[in-house]
């Protein structure tokens, strides 16, 4: 099986996200880094691309140049990853889809609902793949949870409770640090701070595991550090299509929480718990029975959980391999085997709609609002 | 030091709460069970009282008889514990206070806000002690948390997040079991189910540790088992007097959670975490520093935490000794050394006001409402 | 049911062990403190006894006086607890047994094997109860573990692994502190330091759960702080009567371990794990199946586990109530219902034999030696 | 930086270890799979190699063919990984080293001490790199632990306690399964079962973190499933060069333990704890202070820990990336920057000497024996 050809926009030297994608794409030998426009400084990007082994003529200065260069090649890239600043995702993703490329877009897919709907339309028209990097959903035990829900192993879902809270922005004396400040500045971050940054992962996860969609929500936002215009703490209550009650807390001032992303799903006949700091276990309790620990790699797991685990039971696999699992599903999809777990443009649109709806609700004293994208109502 | 004389109303044979109070009162040799009206069946109660060593003439058939019998004795009881069905707490507590007795009342102190205000007035008039059994607040490490907040060790409190969620009422096939059903039936439980039963412990705890009071709240209630009239799951957002943001989730259908009462407090310079299933540790993170484990019994704890711990570091102490700590504080208070940690009638009133306010908010689509008792506005 | 009459020798003001026994004996209202010789300073002891509510004529100056005073009373004590310095346990226990009293002796029961055998003989002759305070064995979940083994729920036991390690004597600069130093000084502590102090609890627990006895052992002792004559760290390998392999590590220099007493039992069809810092859970894994969490108080536990739990599932119960459970079993035994879980003089003898055997083995480069008491070979 | 050329012997289709190495070598884009003899069935191996993208002329049928093919190429591989059955490691490693190749050998490096010494000599003569895949030592937090010890942050090491115990061979009904059986059959596994398979990782780790070597040891082996000739459970006590006391337990019948590899290191001024199931945290307690949680990725870690972590704090990294870290260190070493953490031939020799010494001790009733390789005494 020859490797697929892969290109990258953004993720240059010194970025956090670049190495994560390169590791994810290359770990299983599925993709070969063939083209790139890695930096907003054209020369720096070209040079770094070549250092990473990209041939000179495919080491581009910007995404427009890359689009022009790749679209007429017979050995054009099979997939492009968009890992640029948030506000540029829409334009780049749209352009590449329209030129017939498959895209993996970092979250958020767009900044507005309208842009999100536009991407969904472009995907429909072009038939190309547009994935969004909700990579937590690719952890094997999250796939197991989803499969258990689908197989009715915990009954109809009554309640989902999820948190994504950390304390890394809790130091007021560091709040003006540009690396932190932009997230709470609407000129740079858009309408939402912490909910758009982290909370949205939790909301996607809730939908993903419950195999259902958020229909209505009510939000309470707070800027606990007063210099912040956007929220650094948020609570969102919601209801899903099949009646599931949802509770989502997200915070960046929860000092002492490191990577506090966890989810609990409670059905009529059982409950599930997962935490991202120990991602290789899924805690399961059948109603009236004892709590059990389901281990990644144990025998008898659902197919999706088994397929996306690389090493034997209780050898931990971590975050970078969750990203790699997104690339596994992408490689299959490009070759024609669509993996329904792969987060797509509709997920990206739903997330953006949830962000805007939550902002509006929070501004209206927690009013309950319709959280469905207009095109899907 | 001679033992104090103690009486009990309710808590007869087969009750859960009776043994917990007897253990709590007797564990440290501070109280002697001297009188009791232990059962709504007069004969059964009298007989059981004598089995427990109460003299025949103080083994009463009902609380009225006990009140009449005790009030004129020179060796009258120093304290009476009211552990009867919820709806009777108000009347009994009031009567005993007015007759000059100190009272420890099980929660809820009353069923209505008006009754709560009446008790507060009676306490003021009589000068007697009226404690309410928010016993979780008497765990040594909760006292440590409160003392740390007061000593400004984690700075101004930005955020408090607390849960009291279990799954013991999650089995729909068991929902008609009378032992479970009454909690969700307004004829027996009053206006609220799970929030009044468990959530209110969490709300008291938030106030207790933050040393602040809930001013406004917004609630989202759900009855996830459709036969239930009252809520079995609730989310309450709130704001406290000094601006602290609060988030409180409580559930009885969280299958797999056993005794999921936990609290996280986030201040400007640090965070604290505590969980009732491991009550002997308090997790502390200074801003920018490493998470530390504070152990019950370690040297250098605040006075209140040290005083209420009986065995050396890392020997676990559990729930019954938290109840015993309430009795320790009561013994001191009766002897004239008022312990400010002892939950009192104002706490009982605030709780009842929060319950009624949350119910009203939940019925008004989560409208934010003033949660302060009218008499304290 | 009238309370049993109880006396105490040692455990005066300021001792750790005195309050633990008083709480244990009184928590469930089973015993009444009726007599005591609480301090080696006669006057201090008499005064403190009266403060605790003991009548003046039963507030004794020393144990000989107490023995003389009690033995001719018609209302003599039903049980005496011996909580004096280790070297005096034998003589006091023997004297009270011979005078027809039931005794609860703190561990170690004796300092030598010969003394241990003597106590066993006296018990046989007198027919009185001699219990030894291996109180950890009275935790409900330890009783559950033993019952599971007896019911063959994990098959024939292949392996038991237990640790009792802490770090509270790990500070070399504190090693001369008299409170610490005596444990490593043979003139005060006898032949063994950490193994006799803590390790022996672990060895008793292994026998208790496996329902089997240590037959042979091999020991490796170390004094990691050079000024110590006796060991502060020890490893003991052993074999039990039915072939079970045993591994026991104990340390007092394991800095960071607080109360690191834990045990793992591995049978042909399952494994069990328990840790004293979270005593209310027993972790169970059936062979080929998932790990399950057994909670204190859940329905369907073995009788002994249910009987010795006071509050409902997941309300933690701690160390002082494990001591109280010993007193529960004692009260039953005194009234004629013998509880086979109550640690007795033979357990005390076996422990002392194990200590002396381990010391001898450690001095002989780990030679395997017979660890059975001579009288039981 | 162009990729290094990498070859592989063994690790064909269906093997566990093949994908782990390929992921490890490729994850960071450091190595390119250029040659391989992947299967003992020549045709199968050649075909699979080409599927993995190896050119036809470098897809070899066996290692001899590969050695012949590679040694005269100007673009010969920079590194060969030996992942064949244990008994063949010595011969292949030796041959490739002598032909001037750098080698990463799976453990065990050899089957005998003599072979181990021979490899050490060959390394010295040829100057080539011979690494052994003790990959657990490449977890960032293990590197942190070692660096803390070297920086004297926990003082002179008194004690190291390590376990590598699982229960995956605990099912007697599965003992004849060939996948399990060979490990306990001396004809296939050599002189030792569980100690050579897992225990040796723990022993290497103890040496690695303590920066010291095992000098003497005493072992107790057991075959708890009677059909097994070799041990499935072992305890090894040891002493290191600077006096550190060591305790190592390893088992494959510890039902319920999944991947129970953990280590505790206790020094004069602090203690450290690490567990492989939560590899991203290192637990540290300064003497007299509180236990702290050190997180992978936090600021201020030692250089080696920071360098080998890819994603930000509290994003878990797992086992495959520990393997990748070995390849990172190898890439550096090949390019001339020797990483002293890279396990080498002397480590491989020491391990093999420890295995043979432990077997001999266990057969001699736990006699203490010199565990140093003869050539290093």
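All chains are identified by letter, namely A, B, C and D, in their written order; residue positions are counted from 1 within each chain.
Just so it is clear, a contact is a pair of C-beta atoms (placed from the backbone, for glycine too) under 8 Å apart; a residue touches a chain by one contact, two chains touch by 3 or more.
Nothing here was measured: the structure is a model prediction, and the numbers come from that model.
Q: I want to confirm something about chain B and chain C. Since they are copies of the same sequence, is their interface symmetric in residue numbering (over half shared, so same) or not (under half, so different)?
A: Answer same: the two copies use largely identical residue numbers here.
Q: Could you tell me which chain lies farthest from chain C when each chain's centre is the average position of its Cα atoms?
A: Greatest centre separation from chain C goes to chain A.
Q: So, what's the distance in Å between the C-alpha centres of chain C and chain B?
A: Taking the average C-alpha coordinate of chain B and of chain C, the gap between them is 35 Å.
Q: Using CA atom averages as chain centres, what separation in Å is found between chain B and chain D?
A: For chain B versus chain D, the centre distance works out to 55 Å.
Q: Got the chain D residues that touch at least 2 other chains?
A: Where chain D meets two or more other chains at a single residue, that happens at 258, 291, 295.
Q: Residue numbers of chain B touching chain D in their complex, please.
A: Chain B residues touching chain D: 290-295, 298.
Q: Give the list of chain B residues in touch with chain A in this complex.
A: 154, 158-159, 161, 165, 167, 170-172, 174, 218, 220, 222, 224-225, 233, 235, 237, 245, 247, 249, 251, 253-258, 264, 266-268, 270-273, 283-288, 291, 365-368
Q: Could you list, by residue number, the parts of chain C that touch chain B in their complex?
A: For chain C paired with chain B, touching residues are 1-3, 16, 19-20, 22-23, 26-29, 33, 51-53, 166, 168, 258-259, 276-280, 295, 310-321.
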